[in-house]
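The following pair of complexes shares a single chain, chain A, combined with chain B in the former and chain C in the latter.
Now for the complex of A and B:
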């Protein structure tokens, strides 16, 4: 399936030894230059510009390039921004926990299968994620809307008399959408770490007298923790940068930091403040990576198909 | 053993619920795309193809499909070429290699929304007008490149260096070695990578929305329609987008699985 390459980790060098052991500069290394140039021009440079812009000021006359800390001061003075940032981190955290609870049993189930049944179910797991997340988010409007599937089932069963209006356009809908859109990023690394595990280990535990719960808690669960870790970090980071799902499903109460950032560029035209808010979000993300990222197995998370 | 079969049944039941959670919304979308009703929603009022006909009859949507296809193809070609060169270069030792390896992942690690507005700010200051070429292309290639690299690198990493050395010893030029030895060996991997890159670009939204201007791609067009009004043909648009990406991904998956099997056969022989 998706893996099969060398298992290299974030923060670890990949050693590719040349068969000729000489210390002289290998000219084949020059082949990285076009990619390196692209990265510098279109990833590093825009990031640096964003950082610089966060110290500028936006006004009706455009951007003033005098360095100031005002944009960051707004963030601490105006509680709205701080509140939305905290709400975003809280939503990202609960979405991560829900995804973990939803994904772990299915990853466990898939890892326990063999043969063609396993391949088919894995393929079925990937299939929905091979399409745009705008579509995958949009499907929740007819699911949760007034004349949506959930409401019509509830009314058919006679559980409610009138369609429920509170299913959509709030924090709950944002949660459902985010879990739906990102759950593969949790399931896949957990599945891979369980699948790599030697099944004889759990058998040995039960041979030695451990009950099924104890064998799971003492053997299987600890061995799957690297996958759990990778999945949690991925989902948390993705949810922190969400824009589409809260915009489409969240109404006014389920908005997230991404929507606030976008509004600075599209509505209030305050690019400098938007840049500062972006820098804050990047800082949060990279802080998480610096603390937890060393244990993320990138090949588990990113390889698809 | 009664407990274990009970646990098994519970797991299977849970798996059923999980796959229902994955597929019910998609199934609903497909049903609604052929529902003969002016309102997006249930009940089902009868079968019709007219929403799909309306998709083909709307010039903005057809143009969006063309835009997405061209942008996806161009991004796939540029990103796969850059990724192949990077992967080949990474087989050599050079100073700063591990740093570059990490830097390559930068575009993936930047939060989605920042990945979008960053180009709005950058192109705004540099003076590149919004549009497909080059603004959206630049944004897409940067986004797709790390994935393309991560897909192609293990394939180059895993192959036998001695074949190349043999060709070199027999007098082949470096370009000849690449064209006659390396390229045929990695071609299935390259095709799979390019298809993967195509679907990533075809589906991309947040890094496109702010830089694409009026040359809307399908996801951006869908988004515009969603924020304007709930046009009844929206589910049909969703189904078209889904069909294209799933078919291309599936083809890439099959090609790459076949290439892996071939490689396993060769190395076991």
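Now for the complex of A and C:
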């Protein structure tokens, strides 16, 4: 019987007698159970089902449990999927880099502020994210379209005679949309890293003769790297699975792997191939993380970033 | 002192008042509604535009039902819902493209059906089906009828009248979708089946759904060579309508309800009748195996095929009724405009059939998209 009783308090170790001898059991561990159950039911189990389904057979009559490797064979036989996957990784990488370039100065500026100005600007940063992802993507259509805001202004100012078609429906527009919707995921961790930094460190560097650039490169930047890596990983992962943005803004050239996967489920009823494509994407993303993890300690990124 | 008169309820008064109320009710209520009792609640999965506003009222009155409709996204989505666990008891009446849905809902063998036999005695309007609808949209197995044609739709080229001349023979073909005349202002629907079928028809294939791998590769090469003229793909008809309405594209693949909706909203959009044929499809109605209200669902089918609803449907949404009764409520000009010529041969059409190897088509379309 546990030596807890009504006087037990959080943090107190409860001794549990078992046939194999005494074991120490911390009741705080029970707090993990709801979250664990949630993850098992809604994250692990669907992923397992997805993996199993990728070996099933899709036919005109639906999904049957006849085991096959054909879904993976299609992926290797047809270079289309490899090409789209590579394009997706390339777009995700460039989106990550652009997001970093955009977000770092914003985070740096926010971290340097104090008082109500900081609160207001942080609120403004979050404001667009109170609306849905689709709306935030869709808003680029009236901005960049033929009859959109940008073209109207350019034509009224006499800078162009006819609307610029290349502003929308191409890979560039996909980049613009993805950078916009994922900016917060990059800015926030960098801001948190910079905000926690002791400002006296930069002052000390200055006192020791370092100029602003040198102090930034030798002190501020290295200390903010966990936030940078954290943001980069988040944006890269999200961009790899992007679906709505390339669909709405990408036109005929901004296709990404998420669109190919979605088509299997929504248009062609080939769930088994869709599952196989999803498993491949997950595996490739994990591989990218593993390669990244060899260079950077992921513990630092996720636990200290 | 005021003397208060209290009404007396005599038997004669009661009978007289009841008769008067009955007479009033019979004038207000639709024919046949009296004596049917309270409306039966029916869950349907029908194209949402076909059960909105006046169309919904008509159906509810004529079939004495109270409709609850689920979100209808596409035939693929509908069939997936019916085939999913619990899907055969969720809905009382479902509609989707006949040719695409039949294999899935009927199953490979007798006994595999996900649908139940329909009680035809509850559908007297079946007598008014057009010959083409009888030929293309009825599924019978073991002497039982499982699927019935409700209405027809067709896909063609939608265009902006302000930019694209209507009487140009070039317009009345699939050419505007694939040639460079409107380069940069063309929208393709991001669906393998229909796009490859349309391209196949345009390239002169008599039965595009039977194209072999080599022929399909030809179509793929053709589409890749024309892709540079395309402004964007669209995945939903709402997105396609938005592209046409905003002027982003002036030519696009489209369905009749898109055209009618845009016209009703005042946009200068029209639909072509391509000389190679519009791609037609029959939307069939079927009652899932474990439906709770099969009789009410059958009454609903009867109402859909009735004179009042069928002509209303065409005017509101553009679908062509499978019932001859629709024509009584439409002028000759309306019949021509909406494409009823597919029944008398004045509008060339090609029934959208399901390819034997759909996976090959999906791969082909993926190649076009990723090229």
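General observations
Heads up, the rule we're going with is that the second predicted complex is superposed on the first by the 245 of 305 C-alpha atoms of A that agree within 3 Å, B and C clash if a C-alpha of one lies under 4 Å from a C-alpha of the other, contacts with A are read in each partner's own complex, and residues count from 1 in each chain.
In the analysis below, a residue touches a chain if its C-beta (ideal position, glycine included) is under 8 Å from a C-beta of that chain, and two chains touch if they have at least 3 such contacts.
Computed from a predicted model, the values in this text were never measured in an experiment.
With both structures placed on the common chain, the touch criterion links A:146 to chain B and to chain C.
By the touch criterion stated above, A:154 is placed in contact with neither chain B nor chain C. Contacts of A:84 after superposition on the shared chain: chain C is touched, whereas chain B is not. Contact with neither chain B nor chain C is seen for A:197 once the two complexes are overlaid on the shared chain. Touched residues of chain A were counted for both chain B and chain C, and B has more of them.
Legend: residue contacts after superposition of the two complexes on their common chain; A:31 is shown touching chain B, with no touch to chain C.
Of the two partner chains placed by superposition, only chain B is touched by A:46; chain C is not. By the touch criterion defined above, A:288 reaches neither chain B nor chain C. Across the two superposed structures, the residue set of chain A contacted by chain B and also by chain C is 141-142, 145-147, 248, 259, 266. If you check the complex, the residues on chain C that touch chain A are 73-74, 76-77, 79-80, 83, 103-104, 107-108, 184, 188, 190-192, 227, 230-233, 235, 239, 242, 246-248, 354, 358-359, 362-363, 366-367, 369-370.
Listed in rising order, the residues of chain B touching chain A in the complex are 3-4, 7, 11-12, 14-15, 18-19, 21-26, 28-29, 32, 39-43, 82-83, 85-86, 88-94, 97-98, 100-122, 124-125, 138-139, 141-142, 145-147, 149-151, 153-155, 157-158, 161-162, 165, 192, 196, 199, 202-206, 210, 218-219, 222-223, 226, 230, 234-235, 238, 241-242, 245-246, 249-250, 252-253, 256, 260. Interface residues of chain A, counted against chain B in their complex, comprise 4-6, 10-14, 16-19, 25-36, 38-39, 42-47, 49-50, 53, 102, 105-106, 108-109, 112, 121, 123-128, 130-136, 138-143, 145-149, 152, 180, 212, 237-238, 240-244, 248, 257-259, 261-262, 265-266, 271, 274-275, 278, 281-282, 285-286, 289, 298-299, 302-305.
The residues of chain A lying in touch with chain C in their complex are 58, 60-62, 74, 78, 80-81, 83-84, 87, 141-142, 145-147, 165, 168-169, 247-248, 250-252, 255, 259-260, 263-264, 266-270, 273.
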